[in-house]
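Below is one structure; the comments refer to it alone.
Chains here go by letter, A, B and C, matching the order in which they are written, and residues are numbered from 1 within each.
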């Protein structure tokens, strides 16, 4: 657990970067610091491993004041990942990853073996081991940076905008992998970003800082979206926060409509007969939804069968006990207006239309909480 | 003329010492000795200084100051220092000429080594030193484990350019009467013996090239391939799923 | 009388020495100046197309850089004495020094020009091509102006080191400020006589500083956009 106790940093030029910050980052969880540029996120993060020393207040790491630990020793027990990875250009990938274990006195063989394992763990081909950083793409370098920070298996990781220098597609990939990794490892992580979407996606809890280094709100992502404490947080969280907040609330007792369905191998004539308003839902042999068939498209060229080529597969599918956001999206994205809902095993459960979902959302808002 | 130079150089009598004349072998060794001492002293001063200035980013004015030394004319300085120092050592040894020569050569070699070493450390990406510090390296480990190896390409180019200038300029040691390959140039000039004069020039050039080649070879073995870019296989990477490999030339 | 000789051999008497031998010293200064400048200018004119070619055709760059680097390993004094036989001139020909110095300038500047052109951002070049600048027109309108700072840095090194090399040529009989050192050395044989030596050093340093300043000034005039302070 990391605890800030009115930690303050004033730079020699007078800038008050962090002002009496009180904050707890619980063990085994991801705590995200988010806020506009220059609000003191990096400064707060770097006070934990003493890259910057607090001018007043304390920071406790598992109840020990970090100021009482030798900085180099402290840092060897804390993983640290930064924006541009900062890989050592003169060392191979494997030796980059093995840096901290070697410093801690492990044997070269042991350190390299551990590094090879980590390389695969962060999703890199073992072929990369003998390459140099200059031979890797930005996203790959970032993975190596994460692997390097994990190498000595530190209980705590500090990450300063680790994914912000890569393109959005790669960023999403890295985020997903990072969450998967964390669910295995359960590290205590403090993660800095200026991207609220990233904060909401990754954080078990999110601390919003305002310029001047003051804590504006500390909450779970859902709480932050539904209940911003003031205009600053509300604005920062964004305009579509109402819609995004629906992503954190699960529906209960979804009133589903029954829907006539046909299977993939049934005849076109049968499908035509079952159709409602010119559309019929097609399932596979295990009753999993495959797509909507428009009667107007006609049978397949080979005879009286369903043409898989003309199936509309575009709509999203929501789980019966999924979030309001997923259910509403299923309704909105369906070509028929009837959202496809499935059970936990992926089999078709029924449909619901958007106005019914909205009615549910309104009913939930009116209910006293 | 080229034929005459060739026969002067291949005449074995010119290579060995005689009671009146010093041969090529001896002068070559003397030239190498002057140059080694000068580059050695200059490196001993400029390397640690450059590393320290680059690491601490303090006293950077020293680098600019050393660069201003470049505008001093080396012959002029040599003559001045000789006239100043040599009389104190008359008669006994040639140390009165060696000292001024070495001072001039050291002054010549310090600026390129110092400014390149400084630039080398200064050019190390801040992200790299930040990461090094963040993983718990001590200042010493950062300097010797990260900054020094990363600056080696620039340090070597400074060292090579200093060595070239020193070997070239060591010829003027013979202007104040000292040995070295410049002897053939100045003697040849005085005696209107042009084959000898040109041979001297050829010998200095050959020595300079040999020294540069040697340093280039050392550089090749010392500098990490991650920095020099001489990868065994170059890889063009677009994303994890799509990799194209091409043979490096 | 004794006191007068002792003051006049003092290092600080160099200005008095200059006044006494003004016309000779000024003519040496003049030769020294043009010997330092002209080879750099000719060298630049030769290096520009070579540098451009080795930038344009990538395969030319490595051999071009090795060959010019090799030229640079030849000591100046050796090159001075090597030029006449190589060109079939009589030894101690007055053009041997400028030719040798031109060779050096080319050797140094080819790489500088190529690296300077390489310093032009790719997107600038592509944008220039896209709005219709082609080949040589793009070179003069876009690439060269942007490369000016890098090229100017190379010119400064070439010019300042030329001043020192010209002085070395003075010791093998060429008539320039180097003669002052020869003179001082000869006059110092019985007892030290400093004025010409100190005068030579002072004039060389001044010349180097003035030429260096001129190049800096010229660079500023040629790159007005670099004085614009970016607003943050």
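The rule we apply is simple: contacts are C-beta pairs under 8 Å (C-beta built on N, C-alpha and C of every residue); 3 or more make two chains touch, one makes a residue touch a chain.
What you are looking at is a predicted structure, and each value in this text was computed from that prediction instead of being measured.
The chain occupying the central position, as judged from C-alpha centroids, is B.
Set side by side, the interfaces B-C and A-B show unequal numbers of C-beta pairs in contact, with more at B-C. With centres defined as mean CA coordinates, chain C is found 61 Å away from chain A.
Centre-to-centre separation between chain B and chain C, using Cα means, comes to 20 Å.
Work out the mean CA point of chain A and of chain B, and you get 55 Å between them.
Across the complex, chain B meets chain C through its residues 1-2, 5, 70-80, 82-84, 87, 164, 167-169, 171-172, 175-176, 182, 185-186, 188-189, 194, 197-198, 200-202, 204-205, 208-209, 212.
The residues of chain B lying in touch with chain A in their complex are 125, 127-138, 141, 146, 149-150, 224-227, 229, 231, 234-235, 237-240.
Those residues of chain A that touch chain B in the shared complex are 49, 51, 71-77, 80, 82-92, 99-100, 103, 123-125, 131-137, 139-140, 145, 148-149, 158, 170, 173.
By the touch rule above, chain C contacts chain B in their complex via residues 70, 72-82, 85, 88, 91, 160-161, 163-164, 167-168, 170-173, 177-178, 180-181, 184-185, 188, 192-194, 197-198, 200-201, 204-205, 208-209, 212.
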